[in-house]
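So, here's a batch of structures to check.
One chain, chain A, links the two complexes that follow: it is found with chain B in the first and with chain C in the second.
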Partner chain A sequence: MDQMTNAMLELADLDALSKLDSAVHRRHPLVKLLVTIAYIMIVVSFSKDQLSALIPMVLYPVLLFQLSGISMRVCFYKMRFILPLVCAVGIWNPILDRQVVMQLGALSISSGMISFVTLLLKGVFSLMASFLLIATTNIEQICYALSMLKIPDVLVTQLLITYRYISLLLKEAGTMMNAYSLRAPGQKGLHFSAWGSFVGQLLIRSMDRSQNLYQSMQMRGFTGSFYYARESRIQKTDIGYLLGWILFFLLLRYVNLSVLIGNLFV
Partner chain B sequence: MIKIENASFGYDKEKKIIPGLSLHIREGEKVGLIGANGTGKSTLLKMLTGLVGHEGSIKVCGLEVEKKNLAEVRKSLGFVLQDSDSQLFMPTVYDDIACGPRNYGMSKEEVEACVDEALERTGISHLKYKENYKMSGGEKRMACIATILAMKPRIILMDEPSIALDPYNRRNLINNLNELPETKLIASHDLDMILDTCDRVILMNHGGIYADGPAEEILTNQQLLEECHLELPFCYQRR
Partner chain C sequence: MHMADALLAPAVAATMYVASGVTTGVSIKELRLKEEAEKIPVMGVMAAFVFAGQMINYTIPGTGSSGHMCGGMLLSALLGPYAGFVSMVVILAIQCLFFADGGLMALGANAWNMAFYGCFIGYFLSYRPIVKSKMANMKVKLILASVLGCIVTLQLGAFSVCIETFASGITELPFGAFAALMQPIHLAIGLIEGLITAAVLVFVYQTRPSILEVVGEEEVVPGKWTLKKIAVVLGVIALLIGGIGSQFASSNPDGLEWSLFGNEDGGYSANMGLDEEEFGVASSVADTAASIQEKTAFLPDYAFASNEDNPMGTTVSGLVGSAIVAILAIGLCTLGGLFRKRVA
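Let's look at the complex of A and B:
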């Protein structure tokens, strides 16, 4: 199977995950979006040396993976391309900041190492929370939640259409790639001399397709906003879910759970 | 129903794709629009829907095709594009069919009724909640037709509806088209399908009307068709 088909299937997998039925899937999309935003904001608010306080924040994604019935392995597999970038963010910290702050037996832990791990965890936790949002909420529901937050229609519609047409773009790229490889026997990938025209052609095809799509939308009375998802009311359990998690995040933000647990054993 | 008087269109003022065309289509007519590649068939359909601008006069259901009337004009026209993937932009068949009625402000119950009726008329009720990307070419084509039927148009415009369909789905499409009572204008190179679905044929050449008459008469005139780089339909070639 070619790479484009693989990419398309992975997108379809995500759609399939969002159609599962679980306590998390059933929550109102706006509530899930707000909890995710709150979680990410609180995670990134930890300073670079607050590693021990940050670690308990893992409880949210871990619990959600359990409640939603989604495997954590799937999450890390889907994030395999972005995780190295997250690691790269603080890669120089251990080298640039060598001030020893802790001694674990013979191992000296520097401040740079701690800040590197903290940055790494912040990135991983945020990605896990984002993954959980899209794996438990389909794109229409996310767009519906965004429109409830009064995000301009033009942005929400663009997000929706872009997501919907990624598969078509991949299909176009796949077709072009197949046509190229049939005329480039024995060659691995796309030769750099063809990159320019390949990207150019893909852009032209995308524009052509987007124009057709827009015409079709115009013909069906499109005036700038979409009907994203079936309207749903926020239930009491949704409010409980939202408040519960936010209080939990705030608790973890201001009380160092790791230290408390550690004190129990010292 | 459709009245075009000296309408013209061109990206370049010097060289018009449609230099000046007049045409009259009456209610209930089933018209085939044929012609070689690049003769302006698709452009003419787009002019009717106001998707491209024009000079001259085009009236659809008594309304002039101009900016202030576009919403009303488009409500009475259902346009099936050549490429189904460009027409289906919602995640499922249901959402796609419901999109038009919702945009025109119909109530939930009306939308539901429109969707069910459109699905029934196209014979794809079983695909109601199917994801668009999981459908075959033939299913997508029928779903495209359902999306426009749900808007209850008075005129149906189609651009190459039988393209890329296998014989079974093509026959299914023809049968469905024949059951639709709406006025139809079908642009196609599939002359056999035009013969099966249309009473009247307009033969286009260089952006103008080269011939206009009963389908049987035009589609059996080998000389006329060859002058426009076309051939007799296959069913006549075999005889």
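Let's look at the complex of A and C:
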């Protein structure tokens, strides 16, 4: 499957997931956005040797996956972009920092290994949180939450238009690429001689499309920003959800739950 | 070059958010969208176009591998720097939210590394001055502006990634060694990005020049410079940088060496306590390899073997080194081409 079809399917899948109905889906988008930001900030604030303290932070995504009924497998597939980069940066830690901090039988564990695993977990946790936000909240709700946070209308409108047109242009680029591939069998990508004409054609057509879009928007009385058909109010349960999670994150930040549980058995 | 949340400390992420946030605020103010509302759909659709363009595999001539484009310079050339920056921020936000490429906390840093340099530095330092000058015909100017702009902005972006990662203290890799890994890779990426941008801009210029931001403003004057002349000048500049630049080459060891052996002459203690002379594994194979290297290295440590104190040795080494690398690169491309033809 080519990259463009893949990207379109990923967008469609996320769109479908965000339309499910669950206790998490029903929470106010602003509350979900704030909880996600708080979670990621607290996760990345753990220092590189606080592995045992960081591990209990997994409870938030695990619980949310269960509550929302979304499969973790979809999320792990999305880690293909970021995890290699995190590994490339972190892999040097076990090589350069070999100070042994723990001995598990014959296995010596260095502080470099610990910092590497901590870094990987931070990457995985923060990505799971972002995924859960977008899988339980559709783009209109995200934009609504952003406008409630006083993010300029221009940015919010751009986000909506770009999101909507990505699928359309991906489809168009995919059709062009298919036509090109059929005429250039066995070729891995776009030949150097076609870089300008292929992408240039797509660009000019996109530019024309944007002119048509502007005219149709004007016909509908567009004044510079969109109006949301359904404005939702923050309920008491939403406030409870927000405060509950933030208190839980702070508790895990300052109390090492792993050590506490371990002390019960050792 | 997308940074992940895990690679940034909260303080660094917040600083980059402020920097990118201020730039976004200034850009939105400069855009004056209230008066020019037609820009809104154009920006949105162009951002979607760049997103689709990023998904295309571009075959790199002579290598058999393929590259991708980022699109910052291209958006600036089409929409201007302010609209280009806002559109790039939106693309990065969608990439981080829907494709897990980047991160919510790292969005500020990514906007700075990929959008700020491409849209502002690339536009104001390379694209606009070159395209507005009368040095050559427009086709040559577009190629030169795109290639130079993309190389410079990718280098700046990669260097920012190094600084942000180092400031976050998440890797044991020394700053010098990290930069030594990042910068050369992004030199190649910048060149490919520049060539893709140039190919698209030249096509647009030939078919519909009014779309280009700067070109549409003034009459096009054919210049005296041809593509061949520009290539020769770029070659001479590369040789001069190799030659003159190496006069100022630091006698201090590089980042990776520094991290392993330190530099006691420069006032640093041996960082990892390793002895440079004794470092390595003693074996008969290693001794044989060392003796072969001594015989074949006609420029040990970038100076002529016969006269190591002569600074001219370093200059000549720079020149010869540039030439060898160029020949090697051409040779590899030719060999790759021959191999693929034979396989086909």
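Here is the rule we use: the second predicted complex is superposed on the first by the 234 of 266 C-alpha atoms of A that agree within 3 Å, B and C clash if a C-alpha of one lies under 4 Å from a C-alpha of the other, contacts with A are read in each partner's own complex, and residues count from 1 in each chain.
Here is the rule we go by: a contact is a pair of C-beta atoms (placed from the backbone, for glycine too) under 8 Å apart; a residue touches a chain by one contact, two chains touch by 3 or more.
Worth saying up front: this structure is predicted, and the values here are computed from it rather than measured.
Counting residues of chain A touched by each partner, chain B versus chain C, the larger count belongs to C. When both complexes are overlaid on chain A, the residue A:Met217 reaches chain B and chain C alike.
In the superposition on chain A, contact is made by A:Phe131 with chain C only, not with chain B. In the superposition on chain A, A:Ala12 contacts chain B only, with no contact to chain C.
When both complexes are overlaid on chain A, the residue A:Ser110 reaches neither chain B nor chain C. By the touch criterion stated above, A:Ser68 is placed in contact with neither chain B nor chain C.
By the touch criterion defined above, A:Leu190 reaches chain C but does not reach chain B.
Applying the stated contact rule after C-alpha superposition, one finds that A:Ser147 touches neither chain B nor chain C. Applying the stated contact rule after C-alpha superposition, one finds that A:Arg209 touches each of chain B and chain C. Annotation: chain A residues 161, 164-165, 168, 209, 213, 217, 222-223 touch chain B in one complex and chain C in the other. On the chain A side of its complex with chain C, the touching residues are 3-4, 7, 10-11, 14, 36-37, 40-41, 43-45, 48, 78-79, 81-82, 85-86, 89-90, 92-93, 95-97, 112, 115, 119-120, 122-123, 126-127, 130-131, 133-134, 142, 152, 154-155, 157-166, 168-170, 172-173, 177, 186-192, 195-204, 206-207, 209-211, 213-214, 217, 222-224. Remark: chain A residues 12, 15, 138-140, 161, 164-165, 167-168, 209, 212-213, 215-223, 226-227 touch chain B in the complex. Listing the residues of chain B that touch chain A in their complex gives 46, 49, 51, 71, 74-75, 77-79, 81, 83, 85-87, 89-91, 95, 98-100, 102-104, 131, 133, 147-148, 151. By the touch rule above, chain C contacts chain A in their complex via residues 2-10, 13, 24-25, 28, 31, 33-34, 37-38, 40-49, 51-53, 55-61, 64, 66, 78, 86-87, 89-91, 93-94, 96-105, 165, 169-173, 195-196, 199-200, 202-204, 207-208, 211, 259, 272, 344.
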